[in-house]
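Here the chain labels run A, B and C in written order, and each chain numbers its own residues starting at 1.
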Amino acid sequence: MKNTKQEYNSLLYLILQPLFLGIGFIKIIRDLGNDYWIGIILGIIIGLFINYILHLLPHNNNKIIFTLINVCILLIMTTILTNCISLLYLNKTPIIIILIPLLLVAFYSSAKGDETIFKAANIIVIINVFLFTIAFISLIPLISINNFLPIIGNSSIINILLSSLDFALISTSSLILFPNIKKNYNCKVYLISSLTILIFFLLIIGTLGINVASIFNYPEYIIFKRVTFLDFFDNIQNIIFMMWIFSSFSLIGLCSLNIRKNTNKKTLLIIMIFIFLISNVISNYNLFNFIYLNIRYILLIILGLFILNKIISKLKLKK
Amino acid sequence: MKKIFLIIICLLLTGCYNYKEINNLAIVSSLAINFKDNNFEVIIEIGENNKDDKYSSYILKGIGTSIESAIKNASTSLNKDLYFINLDVLLISSDAANLKLNKILDFIARDNNFSFDYNIAICDKSEEVIQTLINQEKIFGNYIKSVYDNTNNNLINIKICNLLDIYLNNYQDIILPIFDIQNESIIMNRAAIFNKTDIVNYIEGEEIAIYNILNNNFMNYYLNFNFDDKKTVLKGNNYLSKIIYQNNTIKIFTRLEGNLIETENFDINNKEHLKIINNEFKKRIDNFIIKLYSNNSDILGFRNIIYKQNKYPDNLLNKINYQIKTKIIINDYSLILDNIGD
Amino acid sequence: MKNIDLILKLFNDNPDLIIRKIKKNFKIIYVLFLASVSSSDLVNKYIIKNLTTPNFKFKNIKDIISAPNIKEIYLNEVEFYICSGFTIIIENNIIYAIETKASFDRSINRAQVEPSLYGPKDSFIENYQKNIGLIKRRIKSRHLKTKDFILGRYSKTNVGLLYIDNIVKPDLVNDVTKRLNNIDTEAITTSGELKQFLTNENKNVFPAVKLSERPDTIVRALLSGKIVILVDTSPFAIILPAVLADYINPTDDYFTNSINTNFLKFLRIFCFIITIIAPALYIAITNFNQESIPAKFLMNISTQRFGVPFPSIIEALIMLFVCELLRESDLRFPNSYGSAISILGALIIGESAVASGIVSPIMIIIIALTFLSCLIFNEVEITGAIRTWRFIFLLFAAFLGLYGFALCTLLIIINLCSYKSFNLTYMFPLSPLDLSYLKETLIKTKRKKNNYRSKYLTDNIRKQV
């Protein structure tokens, strides 16, 4: 069966969020302080602009460069996710044991054909929305308006512009992996996804306050620690946090699918072994720190590679 | 299906590194940290329940140069793994609160195994206090938690999330309750006020009640005063306070609703009488704030309120003007109309 | 040689072959039938009586035989017809076959496997024509078409394909016809065996076709654009294509109010999820992430697990094994042996296992909840599939805790979304989100809002209201 427009929209909604995990939230809160909302709104506008440009580019892809882009984003996402899980869920387990089942499940999902990840996204969206609603409803009584004041802090304009560029890059970079952007693109989904991220920011600042939120590494996990449900279930943060695991996996699955479609099964296996070896040699935290400090430049290089990719393929077509 | 079995076989080759049996968890109910002679002394109360539905607990002690080493020294020969998620109470000695509060908060915030809703208090004789309750066959942490959950007495209730927020804020000072022991019963009606990181004074009794009113903390408030040389008591049920900053002064509005519990010759409809009560109430709040000003301890957050309106406040509290307005509404005489006897 | 000698040679060893020689009008007419499958009453009524009465001359045997179904056949078809209960008449070397089948069927009974409270209680029996009759009684339209196949070299079973031709998609009919034509086997005795040929059985544990014994279910399936296959000598009909939402949804829901029904549908979906994840979630939470247990409950569980020597995963496996034993023995055991066995089962699981310290009471509650939720589904294939996935979830949760549970959730979602039953994704009303089929299976709306058929199953989407 062909994929419907609704399935494309679901997967698009899911892959625009997970790059924020561990990097996006804390970078903007620490850089801007009380002006985070200005940065986010500017970031959404810049993001819409980037989306429009990507929408106008031609359809074909050069296989080698596109595979390279997919490998980079796969590496980034796997590092972020394994670092997160190793810190929050299984803190004594070696990283390899967390990494291998993840890569195997991603390999399995790529083996199942073109359409599986889209249909799976439909169902994962339902689960994510359900978990997010539980968290949102339980956290609203804990928001105090005093935490939002003062509305405007004292960051310089350059910092605001750079952080809004960060937000735009992080939230739109995953769009380049999406098949056939021209036909399937819809700017409403980007707005809904960014709105979800904005609601997350408002929840973080509202419940914790700007001072407490800046000291933690994963404020999006800390707010879930304060969720209590029916006065009986508390500390269910590990169950609600699974929404981030699911959306991260959808991005990893899409990357594996693209690599497998553009090359063959063996190349995907070799790339996964390569990722496994990298995590053996370089400590996971060093890699994660490197990504956190340089995310702006990494994503700019990836976008540049993508545009280069389209130019080369258009030149080849003209020949 | 074969691929799924391959994944399962890979799983079987892993070990269970994070596997912990529930029986092997020592559920910590309260933790006390003292600081003496450059060493941290840690007292851990571990709860266990026997099969007869009776709850009991025991204490472990340890000394070390850092908090983590002290905890390790306390539990070297314990046959279980310490489990801090269900911690109910954290007790700190006054030395530790003066000198090492930042290290303690650092230790707590860094560890994923601490939750965010337990109480903190200052206690200098923590071992005695905990041991007294153990001798009465109760678990200290559960007891304190149920006191805070179930009663409306005038106590100061500080949880870790509030404390972290105020501590990291440059424009407000913290306040911590003090637990003490007297004749085998625990006394919780004093509190310590801080100026930046040092304890400067103590407040008790009526002042704690005024602090709760100004913070909208929903405890019962009993206003005792003399009216015509006879004692009258007003019980406040509902109150609402607002503190705003306008025209370079802090304005405090308080509205108190209540019933008269003990009274003689007090007439609700008489405006003169109401004025007397209002002035009495105002005087108490004023005394409280004067005490805070003289110790330069900003526990009510005046400077924070000024900062939230985008102005930079002074470091000294004395330079901030304030103004108090109160309103007392007495609903009725309670159940009886005239006095009995007399 | 003459035809009669050839036939006698074929059926040499059959003691129940009866031959009657009748002389009529200077000709010899042979009447042959098998006494075990033909009804001697009908043979007498239609044939022998008419042939032996002194009568006028006739040109054609067909004019005096009073049976409704007479055919002229060739020599190589004699074996099939005489074994199906037909009587063979040989006259002038022309072979005629006349239908005189004996009836071996029971009468139409109550439905055993899919009972219903307020619906019709008749169910299919083993006779092919009577089953088709039960369906045609409910759809009186010329659009209901049947295609006949004869499958199995030795059994030569009658298999029929039913569909409504202005609703169903023609590609589906052609696909199934092709598959049925490619079947080459010795015998097809039940529709369960035929099911194996239609699907590629090693791909997935979940079933792709549904079996049903109630005519009203079949009628609804036909009206929404599905195909039904009936097999002679089998009281179950095959409905294809079938998706997951069909199994969670019995036919009784059409008789009740929509608010009441929606609550029950929600309960069934919830039970489907609980029966797969409950043991795994319990083990993941109590062994890896104990903070999710409410504090008051933690001490309780700790007391209950006090004397048990095994780790939780071994307890869970033991209890699941015992419960599967109980369920399997319940199926096979004849009813007349009494209730001693159920008492034995209750004793094992109940007091003794807990008192002797092998399992803890909380584990018994979890496993009992799992099995009670599983009893809602009465189709054997679904319970088998649920059992497999329950074990996979258990293994993942036992090694990697809640992270393993999350990975296994992703695994089952990917597995279900990649499975196609006759070009229809298995998670059909959810995955390509189709509101019209969703309103038939997973939620129930008012009658006025349910006017369209699903566009994935049929091209004729407007129901004639």
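The working rule: a contact is a pair of C-beta atoms (placed from the backbone, for glycine too) under 8 Å apart; a residue touches a chain by one contact, two chains touch by 3 or more.
No experiment lies behind these values; they were computed from the predicted model shown.
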{"item": "Per-chain CA centroid nearest to the all-protein CA mean", "value": "A"}
{"item": "Pair of chains joined by the greatest number of C-beta pairs in contact", "value": "A-C"}
{"item": "Longest centre-to-centre distance from chain C, chain (CA-based)", "value": "B"}
{"item": "Distance from the mean Cα position of chain B to that of chain A, given in whole angstrom", "value": "40"}
{"item": "Mean-CA-position distance for chain C and chain B (Å)", "value": "67"}
{"item": "Centre-to-centre distance between chain C and chain A (centres being mean Cα positions), rounded to whole Å", "value": "46"}
{"item": "Residue numbers of chain A (touch at least two other chains)", "value": "89-90, 93, 97, 101, 105, 108, 234-235"}
{"item": "For chain C, residues that touch 2 or more chains besides their own", "value": "288, 291, 400-401, 404, 411"}
{"item": "Contacts with 2+ other chains: residues of chain B", "value": "4, 7, 11, 14, 18, 85, 115"}
{"item": "Touch list for chain C against partner chain B, complex", "value": "202-205, 286-288, 290-291, 295, 298-299, 301-303, 305-306, 311-312, 392, 395-396, 398-401, 404, 411, 415"}
{"item": "Touch list for chain B against partner chain A, complex", "value": "3-4, 6-7, 10-11, 14-15, 17-18, 85, 109, 112, 115-117, 161, 164-165, 168-169, 307-310"}
{"item": "Touching residues (chain side chain C, partner chain A) in the complex", "value": "288-289, 291-292, 294, 400-404, 406-407, 409-411, 413-414, 417-418, 420, 423-425, 427, 430-433, 456"}
{"item": "Partner chain C, residues of chain A touching it in the complex", "value": "1, 3-4, 6-7, 85, 89-90, 93, 97-98, 101-102, 105, 108-109, 112-113, 115-117, 119-120, 122-124, 126-127, 232-236, 238-239, 242, 245-246, 249, 253"}
{"item": "Touching residues on chain A, where the partner in the complex is chain B", "value": "87-94, 97, 100-101, 104-105, 108, 111, 146, 149-150, 152, 208-209, 211-212, 215-216, 222, 225-226, 234-235"}
